[in-house]
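Consider the two complexes below, in which chain A is the common component and chain B and chain C are the respective partners.
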Partner chain A sequence: MIRIFFRSFILMIASAFAGSVVIFVLLRMVGGDIATIMLGTKATPESLAILREAFGLNRSWVEQYLSWIGGVFRGDLGEAYTGQYVIGTEIAQRLEPTLILTFGSLFIAIPSALIIGVYSAMNFKRWRGASVDAVAQVGLAIPQFFLALVFVLVFAVHLGWLPATGYVSVFIDPLVALRSMVLPIATLSLGITAVFTRFVRTSMIEQMNEDYMRTAKAKGHTVRSAAIVHGLRNSAIPLTTTGVLQIGALIAGSVVVENVFGIPGIGRLLLTSVMTREAITVQSLALVILLIILSMNLLMDVLYGLLDPRIRHKEGRK
Partner chain B sequence: MKKFLKLLSFIAMALSVTLVSTALPSAAAPAPGTVGSTTLRASHPQKPTSWNYLQDGTSALYVPTYLNILESLFETTKTGKLKPLLATSYTVSKNGLKYTINLRKAKFHDGSEFNSADVVYSLQKNKTGLSGVLNGPLDKVISVKASGPSKVIVKLSQPSNQFAGGLGKPSTMISPEGYFESANVGKKLIGTGPFKFGAFRADIDLTLDAYAGYWGKKPFFKKVIHEFRSDENATISALKTGQLDIVGMLLGAGVDQVKQFQTNKNYQTFFWPSTSASYLFLNPNTKSLQDERVRKAIAYAIDRQPIITAAVGGYGKPSCVVVPTWTSPWNSDYCPYPYSIAKAKSLLKDAGFENGLTLDFPYLTLAEFPVSFEILSAQLATVGITVKGRGLDIGTWVKEVWSTPTPVYDINHITNNAALSAYGCKLTTPPYGNNILCDPVFEAFIDNNDKIVDPAKYAQAMKAMANHIADESWMIELFSKNEPGIANAKLTGIAKYRTDYEMDYRKIKWKTK
Partner chain C sequence: MKDSDASTNVNETQSARNFLIRSAKKSPQLILGIALTGFVVTITVVSFFWTPWDPININVEKRLLSPSFSHWFGTDRLGRDLLSQIMVGGQNTLYVTLVSTLIGVVFGTSLGLAAAGSGPRWGVIFTRISDIGIALPSILIALVLATTLGPGRLSVIVAISFWFVPVTARVVVGPARQILSLDFVEAAMTHGRSRMYILFRQVLPNIAPIVIVQTSMMLAAGILIEASLSFLGVGAQPPTTSWGKILMDSQSLVQEAPYYTLLPGSFVVITVLGFNLLGDGLAVLLDPQQSQKGVA
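On to the complex of A and B.
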């Protein structure tokens, strides 16, 4: 077990390091920099040179990278080029709404997908199952920005039930925070629920043809109870894995959702930082997101080892 | 497993109940958006990249801060006259080279007294600012000296109309002496205005807190939350639900929604007169465009009204002269190449392009530019000019097109508030800048016009300059746009004549009836 942990941990550090290099290089390959954005159409070559010198953008890529990654190892992500904020503090403050949005969506999506997916699988030869599948397809196809606008128009503008935008921290007012997150979570979770539903459905249909299901039925289980007692258990484990792997997709989705709903999360910070070429913030944010995803993967590797004895034994034989 | 399913059902029910209960309107309505509230919520699409105005040239920095937090010596009124702010009056010597400026008593937000040393310091700093908004009008300043605590003498190398006008613009914004060497720089602004720089959340909002020690009339609102919102659909939804009181400027998707508010008595719409010129500019390095017949053909091929209708919601005025502020006395209806497909085709044929011409057209993927590109490409196609579009974000666009000695484009579109003098060949603004196109006639206009002190003669000279640019057709003006904004109908005091770099919160209040 310890071997699994250490191997996964070393792999995670190596992946994070490789990822940071890729992110750094890609950002430098994108046209323009913060100096061109700040001076915009009023720049002169001299003013651009002064600003690049002030921000250290005239140094070589290697120097810039080493300076930044050195800070990362010291636990200091530095300041935004313009000095508007301290990056580490800013990211820490913005993690709260993004994590609530991301994990809130997972929290809604996984149980919903289990219920809908099992129902669909048990009725997969009937119109009811096909209808659920069709609805799931629609859920997959609707773009998040469109869904967000529809939700806002219906539930905020016309019905007036929920706020159209904004976010209040759960530490300040939990009820208002919940109100402000209902529509964003609904938006983000719909697509992912559709993905999971289809996953559960397919997995359950496969499970229902397994030998152990026939055995369960021979022992007196009905189709439904066999599916719920035995089939669902076997489908739930890979679903959890898929769920964790979808965190990256959820964070990517949060960029759109946070922007539409005016949520001060890391998705919105990432978008505006890319647009303004605030490279040091973008690479720090990307590294944090990468570490979150890799940490979840590490956790899954360890949990898998704990849950599945075959993995432990296989690792032990090496 | 049954227990597990029961648990799932319970969670689903609990969530549903919670969501429904939180969705019910709360008894205590939120204060902002309510008549009588002393908090004003406003939005603007641009987010400032920096608070250091010596480094940042974007209007996003000035929008919430100029006049509200930072004050200049004077402010420019609706009629273009100067009204005292931190200065009470000024006199000019007969030769136009010496300005004596008298100052008022005021206090900065940090409690320090405002005096002539702050003006000397600020003007010297502003002259070294990297942006033309700051340093342009101060270009001819050779010295700034204090004459006692409440008087300043500014000497110029030549009479300058730009300096005279700049007294009422951000180029004379005053910060306390030593500010740019302090830890506050880039993080917090300290001025003398009616509002103090409050809480700032990067790319989210800036809170302006009313300043109790303000020298003038105190603003009605104790707090203004100035939000940076780029998604205009979401912004309009927030306005409809009362989460916003003013939507400052609509540039993109929101423009088409303005009409629905014009007929709704709960809202008021207003249109800031543009201080920008929206024009096509052609690359002087492109061989085909060096033939003036091709440039004129492009000018003839453009029908401006459909572009205005589709790209800026109809809120604009066709124009053929590049004059950033359409209320300028030197603006005119002069149009040397009015829309004519026949003339465009004929000129192209004379230039040897009867079989057509292909041009590279990288365009910005924001505001009016994608739509205007579509219409322009269709209009140019009718005369045989094929444009190959490349949508670019602002960072890439600036790098490829603007401020570069080797620009990568043939034809382009921009809306720019730079003064005509910013297009000199020693500067970087295309198409004349970067020494790519040094037109001696245009250069002479730039050198000479600023020296003309008489307003009527100055306007005449500027008109000749604008007409010359139109004749040459390296820059082809399309339109001046009105920038729409929307506000709660119960608000009054919105300065609708203000420019696109000011959201003036000083006099806004709720109507009494």
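On to the complex of A and C.
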């Protein structure tokens, strides 16, 4: 088990490095000169030179990359150009809402998907099971920003139950914080619940036909208890393997949701920085987002090992 | 002997004749998917020649009119006819999605085939690289690109393809390896067929169903991504309009004019649902065992 963790951890670090190169190159390959991008085409040569000097943009790519990555390790990401803030501190402050939003959504989505998926798999030949699938199919098709607007319309404008925008830190007022996060988390978790539900349903239907299910029934389990005791664990396995794709979607979704609900998280900072052409900030933000994705993947890998003893033992013997 | 031959012949002609009916029974999703996507594609194509009103005609006096007989979908914040806007907006959404999906399918499939055809060591490297590509969501790539390229169609297309290529490659590589291990491939090798011939003439046709289903799923995903990016202001730039762009404009007016948000949003939902159902339906029809295994 510890071996799997280390293996996944080393892979994660390698992926993070590779990803950082991709981000670094993407920012320089297409647009040409970063200084011009940040200042606009009307900038004077003098101001461009000053900016290049300040951000080390006149050095070679390799030097720039190394100094950036070195800064990441030292926790020093430099200062933003227009915002006049320290990038590292700003990112640290904005991590809290983003992490609450994304982990909160996973926390809601995974159990709901398991419950709904198993329920629909047990009724898969009846209309109840089929209708769950139909609802999940529609859930997949609703873009997050549209769902967010519909939620605002119904729960904030018409019913007045929940605030439409604004964010309060949990450390300041947990109750208000909770109220302000209900709609964002609901928005973000719905799509991912739909995806997960379909995976659980498909794999559960497969599991229902396995021999061990028949054995369980012969031992005196009811269909439902056999499904919950034995089937659930097995059908959760595909969730961890397909989760990789979904986590990317979850993080991408958080960028959208943060912007609709005005949550001061990483995603909102990213969009503002993109719009103001803060290339240096975007570079570090993209890396932070990649790290969040990769650590969630790591978590999934570990869960996978915990859920599937075959993997655990096979890897352990190596 | 003769009798049975005759009966199979009759069966074949009947089955050919009733192919549509049979497939409809087998996968009703397919029919619904064709209907929904057909509807959206039709009104988008029609918008090139005709729209109920001039989609860019601004008339502030008619600002935010609720749906009525003259304006079926009402008017937007500048008094433009919303139905015409939606019809024209479909052009950009569908164009961007089609181009990125095409790039994703062509390059992704080729890469996947190449990876399947090369040795195991390359296979591991391929898996790792494609994992990184898959882990980076399109929206993130689009935002990074938009910083330097500027917001707009090009950034969006590059970003979506950047994600679609590894996703397709990853979906293709497993089944392609399976086909490569079959006897007829070995037979072709002993006949001295080139690697290219085997991959493209023997493996590709056998994995075609998977590629087709994947294409449909990616069309759905592409529309979602394009709409989200346009909504964030990184996608379509004025004067080009797009569904996401219309929704961005409607966001602040959701209280005064709910229809302004709900109608264009429904078009995104219908289109994505249509392509997803089409993919699901095709999966059931082309390979019942593979159903529901697509990504995106």
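Going forward, the second predicted complex is superposed on the first by the 240 of 318 C-alpha atoms of A that agree within 3 Å, B and C clash if a C-alpha of one lies under 4 Å from a C-alpha of the other, contacts with A are read in each partner's own complex, and residues count from 1 in each chain.
The rule is short, and it goes like this: a contact is a pair of C-beta atoms (placed from the backbone, for glycine too) under 8 Å apart; a residue touches a chain by one contact, two chains touch by 3 or more.
Note that the structure is predicted; figures quoted are calculated from it, not measured.
By the touch criterion defined above, A:277 reaches both chain B and chain C. In the superposition on chain A, contact is made by A:144 with chain C only, not with chain B. In the superposition on chain A, A:95 makes contact with neither chain B nor chain C.
By the touch criterion stated above, A:293 is placed in contact with chain C alone, chain B being left untouched. Of the two partner chains placed around the shared chain by superposition, neither chain B nor chain C is touched by A:302. When the two structures are aligned on the shared chain, A:268 is found in touch with chain B, with no touch to chain C. Once chain A of one complex is fitted onto chain A of the other, the partner contacts of A:27 are limited to chain C, with no touch recorded for chain B.
In the superposition on chain A, contact is made by A:153 with both chain B and chain C. Once chain A of one complex is fitted onto chain A of the other, the partner contacts of A:202 are limited to chain C, with no touch recorded for chain B. Chain A uses residues 30-32, 34, 37, 149, 152-153, 157, 259-260, 275, 277-278 to touch chain B in one structure and chain C in the other.
Of all the residues in chain B, the ones that touch chain A in their complex are 1-2, 4-5, 8-9, 11-12, 15, 18-19, 22-25, 47, 49-52, 55-58, 130-133, 185-187, 200-204, 227, 229-231, 233-234, 237-238, 240-241, 243, 392-400, 402-403, 405, 414, 416, 418, 422, 427-429.
By the touch criterion given at the top, residues 30-34, 36-45, 47-48, 50-51, 54, 80, 82-85, 90, 108, 111-112, 114-115, 148-149, 152-153, 155-157, 160-166, 175, 178-179, 182, 228-230, 232-233, 259-262, 264, 268-269, 272, 275-278 of chain A touch chain B in their complex. Every residue of chain A that touches chain C in the complex is listed here, in rising order: 11, 14-15, 18-19, 22-23, 26-28, 30-32, 34, 37, 137-138, 140-146, 149-150, 152-153, 157, 198, 202, 242, 244-245, 247-249, 251-252, 255-256, 259-260, 270-271, 273-275, 277-279, 282-283, 286, 289-290, 293-294, 297.
Those residues of chain C that touch chain A in the complex are listed here as 128-129, 131-132, 134-141, 143-149, 151, 158, 167, 220, 224, 227-228, 231-234, 244, 247, 250-251, 254-255, 258, 261-262, 265, 268-270, 272-273, 276-277, 280, 292-293, 295-296.
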